[in-house]
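Take a look at the following structure, please.
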Amino acid sequence: MLKIENLHAEIDGKTILKGLNLSVNAGEVHAIMGPNGAGKSTLGYVLGGRPGYEVTEGSITFDGQDLLELEPHQRAAAGVFLGFQYPVEIPGVSNVQFLREALNAQRGGRGEKPLSGGEFLKLAREEAKKLDMDAEMLKRPVNVGFSGGEKKRNEMVQMGVIDPKFAILDETDSGLDIDALRIVGDGINRIMRKPDKAVLLITHYQRLLDYVKPDFVHVLADGRITRSGGAELAHQLEREGYAEVAA
Amino acid sequence: MSDAVLDLPSTREEAWRWADLGGLAAAAALAPVAEPTHEFLDLPGARLLFVDGVLDEGRSRLCNVRLTTLEGDDHALGRRAAGTGWSLRLDAQGVADPVQIVHVATGGENHLASEIVLADDAVAEVVETFVGAGWQNCFTRTRLGKGARLMRSVRLLQPAGFVSLREAAEIGEAASLVAVFLGAGGQGSRIDAQLVMAGEGAFVEYGGTLLTSAEQKQECAVRVNHAQPNGASRQVWRAVASDRSQVSLAAAVDVARHAQKTDGEQSLRGLLLHRTATVNLKPELEIFADDVKCAHGATVGELDNRALFYMQSRGIPKARAQAILTRAFVADALERIGDETVRAAFEADADAWLDAALQ
Amino acid sequence: MATKNAEALAAVSKKYEWGFATEIEQDFAPKGLSEDTVRYISAKKGEPEWMLDWRLKAYRKWLTMASPDWAKLNVPPIDYQDAYYYAEPKQKKTIASLDELDPEIRRTYEKLGIPIAEQEVLAGVEGARKVAVDAVFDSVSVATTFREELKAAGVIFLSISEAIREYPELVKKWLGKVVPQHDNYFATLNSAVFSDGTFVYIPEGVRCPMELSTYFRINAENTGQFERTLIVADKGAYVSYLEGCTAPMRDENQLHAAVVELVALDDAEIKYSTVQNWYPGDENGVGGIYNFVTKRALCQGKNSKVSWTQVETGSAVTWKYPSCVLAGDGSVGEFYSVAVTNNRQQADTGTKMIHLGKNTRSTIVSKGISAGRSDNTYRGLVRVAPTAEGVRNFTQCDSLLLGDQCGAHTVPYIEVRNPSAQIEHEATTSKISEDQLFYAMSRGLDQEAAVALIVNGFAREVLQQLPMEFAVEAQKLLGISLEGSVG
């Protein structure tokens, strides 16, 4: 589904990714772990197409398409979902408006009919309920005044409504208490654990992996993947620390 | 400079620093145009059509509005408007259907005076629309008695030319004035207001949205004078400037010596769509009483890049994301319009402007 | 509380603690202002021809200018012919050490609590911060200490008269480049008749080994005081400069129209701190200083930085806007100000941040405290030129009112011509609440201590920008300036 080859990327002239290779197939969950500053979030932003993150070398193909050629919203329409570590607050724009615009823009991009207001609201309410989010929060401006945990849950509601093919979830576990972690973990499994979908979890800690069991774990250090293995690698990292394992 | 602006103050005066006197003079000299069509909103009540400052009686229904001779004020713009104008006077407890006024200009300059005088506890709503060409100058004197309430909505939709509005209002005890302005045409403008909180516990909300493109210059210069205690005023203005245009927002709050417990708030925000555009802000406070709550916030910048990317990453194309964010930006200043029909019309005008500007 | 305040105000009014005059002989220029006065000053100082020409050019320009329109200030017309433009203490021109200083002057300093003597001691103490003092007594520098140590570092720290003689090329290159002669009425007047002042040059890569300090005193009766300060920090240089002043009590108003020019080249940093405590006049406003100052910095170099910090408690009328022209890419301007007005004082102060270079940043923090029947105005401008990409500005303007007979005004101008700018301005107006006062007093503070505590808290963000020596003095000043203002 996703193939990253020899990826080099920089921000403000500073090279962060230095030859990263990664292949993700349908039906797989991959976890990227690594110390702070290793380039984990940069990888997520490069996949999402954030302006300022410049790819200087290498390629990314998604379902056979050159992902780097696409604008951020075209990537979304192609089925890529980026869960933000710090979801952005947008005063004056309600969650409902935001999400409906997003969903219908994506559907339009795929040649599907837009959802009516009623259809959409039903879908959004169901998704909010599954993630234990008060439906009233759908009416509030996007992420404004939300706690850290509420913002992350809101990201999952968006993922549920949009129903992407491939999700990159950047530190989705940060800011969550244990109950919220379970709810979010269940959400990821329910929405994304399907034979035709795949997930890339970016995380610093192994705790989320207790709920979302990865098929592969990669260690990202200094802009490269230095080690790959199965779920047991995450436990080893937790036990022995990045310095030992990544070397 | 043309005769049209000879007796106006120069831009060397503080209060006229950002005024577009050249644009005003040019507007007055514009060649005549055919009378543009304009529809009234679907509301009950009086409908007045002024063509070049003169009432077209055949196409108007006056209801409780009268034509009468009115004075100007000592302000350079207000002075000129003295003469025959429209007057809305309501007795105590009076309630009027909405008054709609359409000002059509076919070139040159015209000047019109008006007054809105509400006795105690009277309630009124006035909606004004400016279309056409040339320089239209209106002076409005507003007097609100104890507990009276007035909702004013004014939109400037001239494709070119200039609209100047001089407003003088006295808000009585516990009375309430809410005024919302929308500049969504191609004209230059100056909204020049002096509001006096003349009674205790008076309330004013005064603001709007000025949208400019091309070489256009629009501005507001509003002073709210808290002369009595316990008043509250809120000035919420939004500016969006594209191309080589300029919006200037000057909003002042004066609090007199004994006007204790005044609550004055100003929120001035500007958005620049292009690097050739200009936004000027001047949120001014003049405070002579010690037990007051006065605060202002002012920001200028471009759209939040993080929010743009966030929306794009959820599949919304960039242009659409910009439109949504810009609309949210101006919405604050329009949401105070109480009448849904009026609000929808104003929002549609703002949307049409944004769609054109963001293409 | 308003009523209580008023009662207290009627009952108490703080007398100026430091009002006295020193009796030493003075050498006066003839009273009044003419070309002859300008020639007299120039000749008296032994200036070269080019300097006299420069002064005369300014004088002729000044004759054509109109006195400024006093925005918020109520200033009686000034009779420029009824003042002396030059006064020099009669004594030995230069001295080797402070011991040779006129004992009368030394006593004056001691009464003022200016720790000149202490500072020498301080300099000898290991690890203690050194402060170089160039004391300007009225118009002529009478003592310059620490010159040797500064010389070793390559720092030039002289009176401007000396600099004109010794470093004419440096002075010629920069004098009037930041504040042009014709900039404003008072800057032009200063250009014509400036008496003395300070010149500082920090060479490339040098971090000035001590804080430089000049104490200004206005002493002679009816003597206009026209300081001229020029500080140039060459590439990568750093200097912190302290300016502080107090003046003796007088019945006639005294005019002070200083010009301060700062230049920062690539990567240079200048920190300029002021504590201004000139005589504000009595409780009826009689006899205070008129303080009309033009202070401006040119951040010409890339990544240069200028930081203005001021604590303004004195003068009957203050009119000053220390500004930064941010021309170099990545340059930074800062303005931190506390202005206290009491009795009949009027202060109109603020800053201008002119963003011309890319990625330039500015911060403005202004705290105005009004008491008595005073008026306190913040007037500021933030301008972003079309070429200035990526500009950031944050402005915070807070006003505190003590009593119901004073005024607080905020007049900020924001002019933005580049969409990549991020400009934020916030302002609040508040009073000291009875709850705050009661809380502090219930913990054992008397009322004045409680007020001083709360006011110092209000001004904290600014005070902490000051060098330590000044911060202590400034805190004391805030308390003293406001005594009797809350009942």
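Which chain is which? They are A, B and C, in the order written, and residues in each are numbered from 1.
In the analysis below, a contact is a pair of C-beta atoms (placed from the backbone, for glycine too) under 8 Å apart; a residue touches a chain by one contact, two chains touch by 3 or more.
This one's a predicted model, so the numbers in the text were calculated from it and none came from an experiment.
With chains as nodes and touching pairs as edges, the resulting graph is an open line. For the pairs B-C and A-B, the larger set of C-beta contacts lies at B-C. Put simply, the C-alpha centre of chain A and that of chain C have 56 angstrom between them. Averaged C-alpha coordinates put the centre of chain A at 46 Å from the centre of chain B.
Across the assembly, chain C contributes no residue that touches 2 or more other chains.
Interface residues of chain B, counted against chain A in their complex, comprise 304-307, 309-318, 320-321, 324-325, 328-329, 331-332. By the touch criterion given at the top, residues 48-51, 71-73, 75-77, 81-82, 84, 87-93, 97-99, 101-103, 105-106, 109, 158, 162 of chain A touch chain B in their complex. Those residues of chain B whose C-beta lies close enough to touch chain C in the complex are 14, 257-258, 260, 270, 272-302. Across the complex, chain B is touched by residues 1-2, 5, 71, 384, 386, 399, 401-431 of chain C.
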